[in-house]
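First the structure, then my questions, so here it is.
All chains are identified by letter, namely A, B, C and D, in their written order; residue positions are counted from 1 within each chain.
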Amino acid sequence: MCGIFAVSGHKEAAKLTYLGLYALQHRGEESAGIVSFNGKKISCQKKMGLVADAFDQQSLRSLEGECAIGHVRYSTTGSPSSLNIQPFSACHKKGNISVAHNGNLTNINILHSKMEDKGTIFQTSTDSEIIAHLIAKPGRNNIKAKVKHALSQLEGSFSLAVMIDQLIVAARDPSGFRPLCLGKLDQAYVLASETCALDLIGAKYIRDVGAGEILFIKEGKIESVKLNKKSKSASCIFEYIYFSRPDSNIFNRNVYLARRRLGEELAREYKPDCDFVMPIPDSGNCAALGYASQAKLPYQTAIIRNHYIGRTFIQPSQLMRDFRVRVKLNPVKEVLAGKKVLIIEDSIVRGTTTRAKIKTLRQAGAKEIHMGVSCPPIKFPCFYGIDFPTKSELIAANKEVEEIRNFIGSDSLHYLSLEGMLSAMREAEFDFCAACFTGGYPVEIPNNFNKIMLERGG
Amino acid sequence: MCGIFAVSGHKEAAKLTYLGLYALQHRGEESAGIVSFNGKKISCQKKMGLVADAFDQQSLRSLEGECAIGHVRYSTTGSPSSLNIQPFSACHKKGNISVAHNGNLTNINILHSKMEDKGTIFQTSTDSEIIAHLIAKPGRNNIKAKVKHALSQLEGSFSLAVMIDQLIVAARDPSGFRPLCLGKLDQAYVLASETCALDLIGAKYIRDVGAGEILFIKEGKIESVKLNKKSKSASCIFEYIYFSRPDSNIFNRNVYLARRRLGEELAREYKPDCDFVMPIPDSGNCAALGYASQAKLPYQTAIIRNHYIGRTFIQPSQLMRDFRVRVKLNPVKEVLAGKKVLIIEDSIVRGTTTRAKIKTLRQAGAKEIHMGVSCPPIKFPCFYGIDFPTKSELIAANKEVEEIRNFIGSDSLHYLSLEGMLSAMREAEFDFCAACFTGGYPVEIPNNFNKIMLERGG
Amino acid sequence: MCGIFAVSGHKEAAKLTYLGLYALQHRGEESAGIVSFNGKKISCQKKMGLVADAFDQQSLRSLEGECAIGHVRYSTTGSPSSLNIQPFSACHKKGNISVAHNGNLTNINILHSKMEDKGTIFQTSTDSEIIAHLIAKPGRNNIKAKVKHALSQLEGSFSLAVMIDQLIVAARDPSGFRPLCLGKLDQAYVLASETCALDLIGAKYIRDVGAGEILFIKEGKIESVKLNKKSKSASCIFEYIYFSRPDSNIFNRNVYLARRRLGEELAREYKPDCDFVMPIPDSGNCAALGYASQAKLPYQTAIIRNHYIGRTFIQPSQLMRDFRVRVKLNPVKEVLAGKKVLIIEDSIVRGTTTRAKIKTLRQAGAKEIHMGVSCPPIKFPCFYGIDFPTKSELIAANKEVEEIRNFIGSDSLHYLSLEGMLSAMREAEFDFCAACFTGGYPVEIPNNFNKIMLERGG
Amino acid sequence: MCGIFAVSGHKEAAKLTYLGLYALQHRGEESAGIVSFNGKKISCQKKMGLVADAFDQQSLRSLEGECAIGHVRYSTTGSPSSLNIQPFSACHKKGNISVAHNGNLTNINILHSKMEDKGTIFQTSTDSEIIAHLIAKPGRNNIKAKVKHALSQLEGSFSLAVMIDQLIVAARDPSGFRPLCLGKLDQAYVLASETCALDLIGAKYIRDVGAGEILFIKEGKIESVKLNKKSKSASCIFEYIYFSRPDSNIFNRNVYLARRRLGEELAREYKPDCDFVMPIPDSGNCAALGYASQAKLPYQTAIIRNHYIGRTFIQPSQLMRDFRVRVKLNPVKEVLAGKKVLIIEDSIVRGTTTRAKIKTLRQAGAKEIHMGVSCPPIKFPCFYGIDFPTKSELIAANKEVEEIRNFIGSDSLHYLSLEGMLSAMREAEFDFCAACFTGGYPVEIPNNFNKIMLERGG
């Protein structure tokens, strides 16, 4: 997964981008990059690691100019490589081009092959480079026409920030898989994957970039163009369930409230006899609150999160098992001992971490442990940008609910039903992509796509 | 404030100490140090900064031996200095001595003067060095007698871990101001400021080190000795209110539960008409939960904490005000807009941060903001180890409650009463030091003590 | 200027390349890079700074495979950029291609324009990327034909190491401007800019890569192909005078001996009445020895070089002038005081450093200072890879010898004559490029080439 | 070995000290430290590593005040420890005291024992701490009397810079083993182990600190006091032979010229039939020049030194033997091949490095290799500060000259005779310590001193 941010027309464009990426850090912890344009040339700083570690005063100062785009990235398949850090930058006849991309192109293989046949060389294995090559291709003279023609050839998911000299381009694929919003800070326009990044810099939210829309932003003016291709709306429901920050609005709806409603729905479906309900922090927090409120069950936070986690940490060699869980989360024995506990999680992917957490709760003395999950079983991989593991590692793709319960070691287990999930999202006026639950992929996937992605290493 | 940890008789003594300090990080973020003894000589690693940054694989590997003591430290008055990082180590006739100290000696000035007259030179401005000098003084031949005699001369608060070659000494002052507990991991004995450090390494809690007790630990054997001086129990109540981790037990009671009860008491005293109650994360979390449960008021977590905070961060130069608050905590507008909100804080020290947070909530659209504080007004400085600012900076030492309310900008403000606070602690069978609320100092303070501490720079 | 190194067929290819670059460090202190190929994929490590700082154990270990190429680089015109660190790597239809280049292409502008018209995008401003694009162009199917065709389009100077999957290609331009030699270590083939790099790894020198020759090296076999274009030999004479290491053989002749002969010739032309001759260390060492031996004048090393220089150094703010010279070179007053001194330099570029050194010698008490230079005045910029400043900064392009003498402050000044220089090189059986002295450029330079290079920033 | 530097009365005292230590780097590469005093308190920066790495702009800026002392240090026996980095600082009744020491106290054991009996604790194993304790002892009230009394108790070698608040004290032991000189820069006084440090900062040499002299420097005034103890002059002759920089004057004589004369004497004693003479760079340079000049033999520098050495370097694992020699020094084959060569070294300690160098020269094709050493065989350890290995590792303590020749692999070997060495020093008007050659120790050594030093680890 990735987060993108862009600024057009602000004296501290790079610094704002730095802050924006900081707010979007949860969308990509592997690498961070910013490219800025000062009217003459681009400057670029990219590094493996967290935003706070990737930049310092000196590197931020070197990012001159009033336009900037930035990117944070998660490693997907393949080993992470410093070559693949985005934004991707190059220069071509029309000037300098930089691309920051969130999503996953599904026709990458065809595009790649065609270009190689024409002698194109590739420096990275990113979708961003392909997009830059497509924009640079000769033909149309007008840069906006070039961009529209290039983006028309893309299939799959893309939320984009492109900088071509002082022109900033924003775009979302016709299905609108990934979020992207537009904000304003004084006279400057700002683009961000989530609104929490606008909040941090004090920018005002204007609107979402539309599905299938291209925005050209330059010198305080915005022009909107539509991609010709049309698709049914297919916004990623998993952004609500797990990925986005609860204080963000995405697809025009608040995440915190959505998660609470998921918890409320769960309470309607599943009511084991328990002394209290508690979340696995922090991913289950909102749903657990919704559950407690709906079920009128006492709410406890009987696992304490260590706030210093996240930093590099020296692993104890032979010392202890389950350490990775314990160092992050410590149960409060006095609360748990002898109690029947309902824990709420947002989702289960592999099941191994959940299993370790339940074991920790048992060791802390819980008498019964019941588990509610605020989404249905994840049975299918995502080809539009969420970095689920391959099908063989998705526990719900291979096991029935009872088998999963047995594996994770809880006394009972309930997943929110598909209907319950959609009902919690009832107020949304558009459709979601729920392919990871249903297998109904809104945009066609090539047969060997999984294999291609693995080979391309990214 | 400081955190201490020690291990006697484990092959990975230094690694365990590293983990223990990691769990105690909240007690001191300024510096970290570990000293180990391998039967022949001591090894020492000390650095400014967080535990995770202060040590690496190589430095941990260099800390050989089965005995180790460690320390994390907050800067108090004076500028922090790498010379003052604890543990303090030296060698004397009886071997190598290292001292890790949590607390504040009140007769430091007298001890210091006496020693200087005898030609003693000091390398640091820490209490630890004084303690080492006292232990080294000629006279008694038996090392245990030496230690007891040395500790008898100390006044004020001290929870200590001392390592004299392979002998580990633990001690608490007769009033028992600061916590210190004893645990066991396999055959090894472990000492820690809080039980959360025992939990992390999987050690079993045995008992607290008693007030006025000295423990001598060596080769699997423990000997307990009592200091002759006797005092009334005066355990720091502020450890429960704010300082300790909620998953710890200190002074034999659980912190999470204590905080919930403080919130429940608060609900008995103060019930403004509000739509919901919410904590300022994370310090107000437990009390807010207790409040909501007692008051039967809906509970929301309408401020989201950024989990990447804590790292070094580049301050935006001219960009924005209130940024430090905003980067840590982002309000969820959709929850707050148009609502009457009750926020719960554990305590107010200067009031400036609270003021900034309330401003942020107003900007997010809250209609009314009421504030409950789960302890009484802090009116007096602490001379026993809590790093409150000087009296002139303590807002409650200088303003009435209504003035404070006006300063922080809330619509109403209520502090938990002294009786309410003590009632919440009712089940404890010992007495607390509540001098910061009442001014009743259990151990006499020299007239010019505040000035002395400032001059000594630490 | 740059240095290149390559290995084909050795288990520790990257480590050997690291050592080779270390030996070639004088050819480029700005950045260093290594790319290796392990049969499946390339690995790449590139950094600003010296070789010893650019790599560590971990980064070397990550460079897997039995083939590797490496590069060290000086900043030329334009600001140095981490994007421009060589080798340049990309992947294309025939596999992964990496290019390390020493030299300067003179038709870069034409090649660049043509490609941009076809929609090519450029990530760097290096000649290496152009070469990679040329090799990738569709047309010939055979990779060797592709390479030959690509290199046929290059004009100017190039000594190249190219890696296309496991195929290593070495090539020199038809004029043979820059050195490149072939060596063998056990079964592995090795390429290096200078033989000193072969010496360091214990490889045996086989032969120079010929001017206009392409070598294809793969699995222990070498194939030699000639570029069709023919040119008169034009090896850079300045490599002997200044650039190469004295312990290297380049163009099949030893540098140390060549420099001694330059000093001997100087002694035949210039014999001021002096007490002794001394070098400016270290560049004038060999010529001064040759001079002393021929002139039968005592030889002193009356300036001592600080061996710790080279590292980053904190400049004293307002403290002292001439500090940069003094910190590197300290004169021995006892030797200089009251003496008539002849100092020997290899060359004078701007004259400012020489001026500072002469001032230092005067302050140390020298009575008379005479100066011999072991090459003629440098009057013309180099377009084939030596990073002379622009013409306006070359002191001899703008001043007569007497004016230069006056500027640098010596009592007399003599440059070795062109005839003397060539006579010292008499035994070489090929012709030199001496364009920096004569202005006779062996390969045509586009009118606006200087400007183009500045704009391209590298 | 160590180097010391001090400044009294200059606004940039710490920066000057930094530069002075930089010039004295050859006297200690293991650690570096500076302590300054700003009228109120001391500031301190100490680190393992070279001067250029130990300080940065920020740490230098933090060293406020017009007085400063600095120290560079070599590891002697025992493992190096960051605790032992000098200067040693502490505070006592009379103020802050910092000590920088070059030398070796021979009665350390007695002093140490006495103090421990009185309950003194030690933080380091350095002589400097002992000196600080002695000065702090109660008794005399006048600080100068205190210092004189303290230094009177020291035996062995010491060149000292002590800072007691704004008072700078310089002192040398009565035998004058180690150098220490006084200089002036504007109104400031400067102390340095060697004059090359005065040269770097542009200070004027005033005079050497006398053997047995104490200087008290404060506010532009100097007071000289003599220690009561008297001894025969015993300046370390090895400072001339190897240790000091050739551009320094020590003990009032120039090192470069002394080394040349040692080479001239060698030429009178030893004249093998050779084609040319060459030094092992850089230690043999001056002596080889003297030899060549006296013997009228051609002089070559047929080994080229790599100027990038000194930095941390990744050792090639299984790649090659003799690599450490090769990476520093590369022979010029064209000069050596088929020749009879005389190489000049300043001294032979263990013999292993010399052996490796001779092997390298043989591999480069030298027909005969003769070796001249510009001092007699080193047969005895030094107890006054030179870090020779123990007797068992000194090759000349265990082997006859012919055995040594056989071990190092030369065709002949000659050591300068004791008479020749002293004759080369003829103009010096004082006596030398030559105990490492003769075993005649000018100051008595306790029987078990070697063992004590090893145990104390430094």
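FYI, contacts are C-beta pairs under 8 Å (C-beta built on N, C-alpha and C of every residue); 3 or more make two chains touch, one makes a residue touch a chain.
Owing to the predicted nature of the structure, the values given are computational and were not obtained by experimental measurement.
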{"item": "Intersection of the contact lists for subunit C and subunit D", "value": "none"}
{"item": "Rounded Å distance, subunit A centre to subunit C centre (Cα mean)", "value": "48"}
{"item": "Chain centre separation in whole Å, for subunit B relative to subunit A (CA means)", "value": "38"}
{"item": "Averaged-CA centre spacing for the pair subunit D and subunit A, given as whole angstrom", "value": "61"}
{"item": "Sequence positions of subunit D contacting 2 or more other chains", "value": "none"}
{"item": "Graph class of chain-chain contacts, one of line, ring, star, complete, other", "value": "ring"}
{"item": "Those chain pairs that satisfy the touch definition", "value": "A-B, A-C, B-D, C-D"}
{"item": "Subunit B residues within the subunit D interface of the complex", "value": "41, 44, 83, 89-93, 97, 116-123, 132-133, 136-139"}
{"item": "List of subunit A residues in touch with subunit B within their complex", "value": "12, 15-16, 18-19, 22-23, 25-26, 50-53, 55-57, 60, 196, 199-202, 245-247, 249, 254, 256-257, 282, 285-286, 289, 292-293, 298-302, 304, 306-308, 310-314, 316-320, 326-327, 330-335"}
